[in-house]
């Protein structure tokens, strides 16, 4: 007896399942333009450092801005709960695996100090950098005015999943059109992964959208809650929403894919999937200048009742400049990310990120293993040597 | 030469191959309603402890009822074969891997004592708990009256596969419409995995159906017999049968998905696939209060000629309350299962389990690996530390 | 630019990718009929021991016949090259992994003694067993008369791939219709894997066909030559050819799936795919009575220029009777194969192998992993204990 | 809300995902013709050694030509940068894994000596061999005349991706129709992987095309840049372009699939996918006569800013003659490659490579694991023995 259709499931794809098809023509990588714009701000590289405590502090934000990108400071993390955050970060790097979850729960139970919000923002601004800050939806009404007053440039509202409308009987959810009017800054909102959710967010008038639920290297949301969409499909669907909204409104609002990247190839595929910029966490936690001291942990890791992250050891592999622009001392694609993007664009015969959106991709799970048996052995050997 | 079609094969999906797509709106998790009803019984959480000897005894059933759920006592196991079951359970936990299969075959060759059936039921009832008991089809006619007399509340007829009609030349199979009339209790029957088999079972007038053949962590039925359907597709197909039967009869009979769950995400996906409740074995065997002392074994493990299970070490990880309601001390989703269900429902923008049935899912095998290379290394390291 | 279609590729499936869906009704396993017929011979179990030197010798053939099945003696192996085969088999079991390929090449370079062919056949016949023997196509014209004269019952012509027509400018290939007329025995031919090749073989008038290229546990044909079709699809396609030929000719010629089986579930799936019988090598090499002393090796392993097999250690796990009929001392499905077939048939609600051909199967790669993480750990642990 | 289609992704396949279906008839392998032609040159085997420094030097090119194939000398590598290349090759084999990437970057920063180009070509010609040489597009205009003057026979222009048109504002790209007119040799160009790019290359008038981006065993392009197409689909698409161009022009220009091969089966599948010849790197680096001393490294490994390769240990397994023609001392398909091609052609019932293009293939990921659990254990054991 054949079952009537109760539920249809569509196939979705992640980084390792797709590959970019080289173009019929090629272009000179040195002549590619990879600018990224958020309202009146233009960045010379389409790469953003994520609002994780192991990634962005005042110094890192300054350096990232100097190198042409953007970094987002988490206003609800260690930087605004502690006058001396370095001390806490050092302890996090020292605590054992068994103790780390309760320790993080304790660290993040300290209250946020409003004065520190202002101080951190001003420190970034005084360095000459563009200052982007991140707040969860629940704290947005409270912190947005302080942030504006302190002179921040870009305001990010971010949680695991943020929707245009939050339904509750006990409180009034965040209304983005009201927020957009109330503060004089571009607002970037996330995260979302579907066409519908992204389109509804765009229609509230925001200036950027973050795409990605659960892909982060330090995140266990997909295990704990079962929610998420792999990044290539999520980006393709949200890019479709961006283009739909562009047709409706005439506004081109950038799609920023956030999380799960390990190497240059992942970035290149994401641009081919339709992203305007990408946001990196763990790769930047590997920088010498990162505050995490070789570690990273998920933003929902310290959740008091339902932790959805894990502390991971990422090691320190090079300077931020080396990670972004090379020269690479490793051959696995985790350094010279900008060089990788430009080279891939050259191979695809395109000159801008928007042209890159149109290149062909194939579903290609074989891509990671075909012909690589000798590499695999090498990996095994070196890991058993360690 | 092209082959004419001898047999068509439809694609089916398991937990790790799908993911839930967040909603276009979100809701407040605290306001979700996750009630589960079997006829006149209403449970505040849609989670049932399975009729495995390592999971449910009198104490566990009592505690589970107090926490809002239900536990099913196996009437053909150690609890009704031995006056002192703790002694036997201790020995099972102590015997070596090499000896365990013949030892279990011996333990389960002892006869069932009818007086113990009554005693166990009464002990559960005296605690104030709802009492559910489980019997195989072959013993149903014999044990159903004793069970009714002893005051059980819910009667479960369960075997690897139970169908509405069993054909034999040598004996008369169990007739469910007759059984339903003969005992004054809701009857839950299982297991099944297909639209047709589920619909035929529902049409016999039963009050609940168990879905799942072979997914259990301690079960090897799929290896030994080759039968089974992965849980997401099985649930989708049986939910279609439930809706079909609802249309025919006006009766809404719950679909209870049984087996294979390891973490909160698996539960959430199953509700999105159409389940009304879920039944857990090995996860509950990890509770401090579980009688299995850190072990679990398949219900067909002691089969005298064709054992189809294995003893697995699940370890003891926390209290039953912690597993159900947190706070979680681990980040892998095996604790605070109720919190995970409510949080996922909030992310999907729904308020009831029946609304959860309608959320979108995608086929997403990448979900378990995308971006997780650093987590994988952590796992390797910790396992080699052990 | 879209590519015009140069070549279409159809998806094919192996054992681990499919699962049997339980039936809407169930039947009593004890009442199933699993007879298998080759012309006038009827066997009470549909299982054949393959013509491998580590599996079938005179004693094994005798025992297999007594237990209701059939074993095929390889007339081009150790049994007909050596007066004292036990001595050679013992050496094969003792030689090191590094030395085994040249050693086997040397062992099989000894000439076949025609007198031994007659002696082995007569020994099997004297025991009262049905005697089946196997010869490669190249030697068929030479050995067929000797075999017939010695009183063999069933003649098997077997090579990696055998087709109805072999094209050569330098010699005349084997013509099956002529062979069928020249010897007074049923002729079984193999191996093949496609609808077209199987249908052409059937049309030559043979009495059985062997299905399977490369799945054998000791075979590396798929690595070395790239040819083969996974067993489930191969069986489905050849079953379609059998039914086509039945329609054309009125003759029902059995399809015997050969190779790649590891456990009861694989056998059950193969019957559901359309097989009339199955042929086992490595599973029988595990029997106490097998001549391989715990080892098996591929039939093309000793090839002088292009060895396409490997010696594998299968260990000795029980008696042949235990492997076929239990009771099983293991829970992985490698023992009580007949019990597994009958139990699966009961679960599917069928009474004969031909009814089993019609049961539903699903594509279900999740079947081997869903919920089994604790089993996986157990496997790891026990292998690292060893 | 369903997403409008932003981007369609087509499925592509690699070696391990497909298998060749045996033919309805079979042929005698000894009578197969596997000639390969490039303009007026005819080679008796369709196998080319790649322009890698660990594979082809003067001696290797000579030997390869004597055995009926062709080897391509890299004119931008160690052979033309160093008077005494053996010394450098020995050091590369001795340096540690940690030091090898900067060491290779240094080795390849030495300038190319134009006099050595002429010397190497003349040495190959003096041995009586056909001389093929390889140059990157950027150096083609400079080196082509020197090469022609020195008497080379075949000119290969090769980079990761080479297109018919390269767009740059700062320099004039290579114009292949002009190049074809300017030098009196067949020109082979690569690499490409798509129908469109291949067709555009063919239309420039070249004499052969190399297919494959990123599959090489020592290549990490797919990780670093995300570009590439698995070899079976790439070959199928480029074969379609060849046939399209044949229809347009009447010229049959061979498709040479380059990279990712590990064993005979991979070669056979590639011919079935439509290749006219195949190019091998790491397999030939295993030959006793290879200059790499048991190592190989990617051609983009020494890139100064974005290294896209890795040094791999391939070990030395036999002579080049043994690798090509056997007898094989191993059973994994890495030796007697020509025997494997002929045997597979026999099994498919074809007599020429062009007939081999038409044989059926199936998508068959099960092919590598079905029934092979005992082999896997053997692999584990032997690797832990090592």
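We call the chains A, B, C and D, going by the order they appear; numbering starts again at 1 in every chain.
As a convention for this text, contacts are C-beta pairs under 8 Å (C-beta built on N, C-alpha and C of every residue); 3 or more make two chains touch, one makes a residue touch a chain.
These figures come from a predicted structure and were not determined experimentally.
> On the document's contact criterion, could you list the chains that touch chain B and likewise touch chain C?
none
> State the superposition rotation angle between the two copies chain C and chain D, fitting on C-alpha atoms only and giving a multiple of 5 degrees from 0 to 180.
Fitting chain C to chain D on C-alpha positions yields an angle of 90 degrees.
> Determine whether chain A and chain B, two copies of the same sequence, contact each other through the same residue numbers or different ones, counting it as same when over half of the numbers at the interface appear on both sides.
Chain A and chain B contact each other through largely non-matching residue numbers.
> Centroid of chain A to centroid of chain B, CA atoms only: how many Å?
Spacing between the chain centres: roughly 38 Å.
> Just give me the whole-number Å value for how far the CA centre of chain A lies from that of chain C.
Once rounded, the distance between the two centres reads 54 Å.
> Two or more other chains touching the same residue: where does that happen in chain C?
Chain C, residues with two or more chain partners: 1, 13, 24, 194, 196.
> I'd like to see which chains touch which, written out pair by pair.
So the chains that touch one another pair up as A-B, A-D, B-C, C-D.
> Please output the residues of chain D touching chain C within their complex, sorted ascending.
Those in contact with chain C are residues 13, 18-28, 30-31, 194-196, 199, 236-237, 239-241, 243-244, 263-269, 272-274, 326-333, 336, 339-340, 343-344, 347-349, 351, 360-375, 377-378, 380, 382.
> Where on chain D does chain A make contact in their complex?
It is residues 1-7, 9-17, 97, 101-102, 160-171, 192-194, 196-197, 200, 213-220, 222-231, 233, 259-262, 282, 296, 301, 304-310, 312-314, 383 of chain D that touch chain A.
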